[in-house]
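In order of appearance the chains are A, B and C, and numbering begins at 1 in each one.
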């Protein structure tokens, strides 16, 4: 009887092991003498463009095999691969706090000797510099594509009514009044999705707040309460031109509403155009820079690195192959392959055809008058978007004070270790501080 | 008895490997996670030991405190509603009805609908349909979206949570009702026991183990609420529906608070275990009494 | 089989039937919406009741076809099926045994009580705390693949299933086993020949619950299997959601497709749950 049980037990075990072998049998293939360069990029919507690029590269290169992976939920996948110590060679991520964190954790390689850097627009390289927690020697990201945010408007509706693009805050308010008088909804918000609260916030902040404010606060030389007051107040003032109860509607609702002509304008980024067009393919969209300041010259375009390449540390041996891949990606023709598939602003200098909905922003792009999204500096766990939503829902007279005070205290709470690190650095290198923020 | 030793040995030989498997993939990683809770680990890269700071922070963090309040309020209401409704449905589906298979199949559907579908449909319902109904009926409370009201959003999540959870609890109650032998009813019928008394005196005592399982299970599932929050409110409006799991996932996985949220997760784990042990002790006592 | 004869004599309970059908409306309405949306084009989506509930301009299965293509439906379905079926089978075998061994020993032994509580408490561990360590552990053990996912499921669902089996067994009197023991049958044999078949309704319940959780789970395959190039259906469905846009029409079509297999599985299993009544004869 005992043996009976043992046989059954061993059968079970054997079965499990056999299926293990069977299932794990499908391993990776080794390239025959070729150097494999693996990219993981975080924009699954661009998978078609990258598949085309991958194929083109591999057809024209004998010594290198390029693998581009465009997974869903890529940030989770990238992070779990880090835990697994299964590092790709290049990661394509956005220029946001994740980049700052990866850099801070010494995970990225210095690519300052990459020749292609000289072709990249200054603003975008500067934006990446500003994302460094602690001023770091070298270049750790090569900007590829940018997006821009501001105000999208219904071009047809504007033409019909003869409305003009506002260049100052007062002009903007006047325009909203004008639109309202015509019985049209000036703005539509999807504040149920908290992240959309950041769209107006960022677009306003680039005009009226210092772009290095977060670094200054970390260094202990400034406070948000002073710098963000106008940003908060202007954001709040937009509510009077929005649909009733904007907190009931999602991003998708707002995109659909704008697409169907239910509002004349929509304060959001160029990234929303695809969703809007899916609801109404015929809509003619243009955009303008949010004029948050009454001084025209202070208004700049809110634009940031939507996709940039970082080489993972420890790839010095493969550097030549990796740079060859980058050269290929930055080839004008190949950039155009991406642009044909996705509406984006290339970070490379040169004459690329920009999507028509960026017409109104073009002068700013050409003049290189841009500043990054403030939220790229915010730790996501601090949930600034939800804080802004809370603030906008708060109808008490002291709402702004409460919000700004909370912003400063929460910032210190969520960035405690970082602030300690930054201030220690400046204590050791006081000369860096005097050179201003970064 | 002679076979007693053989019986004991067999039970041991079954239990040990299974327990080993469990320890390897549940207890061990839990211990590792517990160790992370004493660090400022971000989920990747290097980290420092911070001692008990994360645990001290937990008790001073208003956001964590509010998430516990929301989660418990939600779980208590949800557990009660779900168990009452699913027991009623299970009794109904277990009685002599027409189209039993079809009806059972239909009541199972809510549980297998994905978060995206639930999120879209119920958001639409609460944003566009319910306010119109509320306005036409002149009910003030329903005339604007529940999801944008800090005092009502949690109720909307309870509704959707129950709607989905009822399927699973119903299945368990149905299988529990199968263990109730028919002859008990026959005996009862002779005594003229019907309706509520039949349920209370005959049926319910026999399904107490399943009632116990369902209470523990739905309490646990409601306490760990994540999908419904993600689908309906993403923690809003004004952070009024941030559940504990929502914070653990969002700030620990997507954000850089892995160490802190590990501490939160561990505290949460201990809390649920304590609650469940209390629940199980109560139902076990009931079971023994009968 | 007496009960069967008895059943036929009982009349159909119409009031309950009608109430249950009325209750179905709360399920039909969302389902109707899901189906209508799955049939429409993105440009037909509106922000008002009339538009959302109206029929599509043309009835076509184009969305379903495209959704199948985008999700690589048959391959993803194959992976989902493989993972689900293997998980369910192993769960029934292992958890049933565990529920029996532990459940039958709990009355006599304190240690088994502790083991039971220990395993059941595993149910309450938030996955988030296990995730990172498990990602590392499975990679080190070389099982960051479908097998690893199955193994993890078997462990994750162990607490609930052991609890269910134990609960069911508490309604099966020990006297049945004692008769067989007197005849000299081993415990192992008693389990497989007497107890295991008797637990059929519970096997079906366990199968349904395990399959349901496995089928719908996104997180485990996402973090464990990423990089193997293998997708499950819920993973493939993430294709319709990007950071700044969601194609609800395709997504809904895809969700409806993914719902069908698990629904069929449930309908098959629930027959087993009901057929279990026959076993009531032993009592």
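Here is the rule we use: a contact is a pair of C-beta atoms (placed from the backbone, for glycine too) under 8 Å apart; a residue touches a chain by one contact, two chains touch by 3 or more.
None of these values were measured; they are calculated from a predicted model.
Which chains lie in contact with each of chain A and chain C?
Touches both chain A and chain C: B.
Hey, which pair has more contacts between C-betas, A-B or B-C?
B-C
Can you check how far apart chain A and chain C are, centre to centre, with Cα atoms defining each centre and the answer in Å?
Chain A and chain C have C-alpha centres separated by 38 Å.
Return the distance between the CA-based centres of chain A and chain B, expressed in whole Å.
Once rounded, the distance between the two centres reads 36 Å.
Based only on mean CA positions, could you tell me how far chain B sits from chain C in angstrom?
That gives a centre separation of 15 Å.
Listing for chain B: what residues touch at least two other chains?
If we look for residues of chain B contacting two or more partner chains, we find 6, 10, 43, 253.
Could you list which residues of chain A touch at least two other chains?
1, 5, 76, 83, 253, in rising order.
Residues touching two or more other chains, restricted to chain C: which are they?
Correct list: 47, 132, 186, 188, 241, 246, 248.
Which positions of chain B touch chain C when the two form their complex?
My answer: residues 1, 3, 6-8, 10-12, 14-15, 18-19, 21-22, 24-30, 32-34, 36, 43, 89, 92-93, 95-101, 103-114, 116-118, 120-122, 124-125, 128-129, 132, 163, 168, 171-172, 174-176, 178-183, 186, 206, 209-210, 212-213, 216-217, 220, 224, 245, 248-249, 252-253, 258, 261-262, 265-266, 268-269, 272-273, 276-277, 280, 287.
What part of chain A is in contact with chain C in the complex they form?
By the definition above, chain A touches chain C via 1, 4-5, 8, 12, 16, 19-20, 23-24, 26, 43-45, 69, 71-73, 76-77, 80-81, 83-86, 252-253, 255-257, 260, 262, 269, 271-272, 274-275, 278-281.
Taking the complex as given, what residues does chain B use to touch chain A?
Counting only chain B, the residues touching chain A are 6, 10, 13, 40, 42-46, 48, 61, 123, 127, 144-145, 147-148, 150, 233-239, 242, 250-251, 253-257.
In the complex formed with chain A, which residues of chain C make contact?
42-43, 45-47, 86, 90, 93, 132, 135-136, 139, 142-147, 150, 186, 188-189, 222-223, 226-228, 235, 238-239, 241-248
Can you list the residues on chain C that touch chain B in the complex?
Interface residues on the chain C side: 2-3, 6-7, 10-14, 16-17, 19-21, 23-24, 26-28, 30-31, 33-34, 37, 47-49, 52, 94, 97-98, 100-102, 104-105, 112, 115, 117, 119-126, 128-134, 137, 151-152, 154-156, 158, 160, 163-164, 167-168, 170-171, 181, 186-188, 201-202, 204-205, 208-209, 212, 215-216, 234, 237, 240-241, 246, 248, 251-252, 255, 258-259, 262-263, 266-267, 270-271, 273-274, 276-277, 280, 283.
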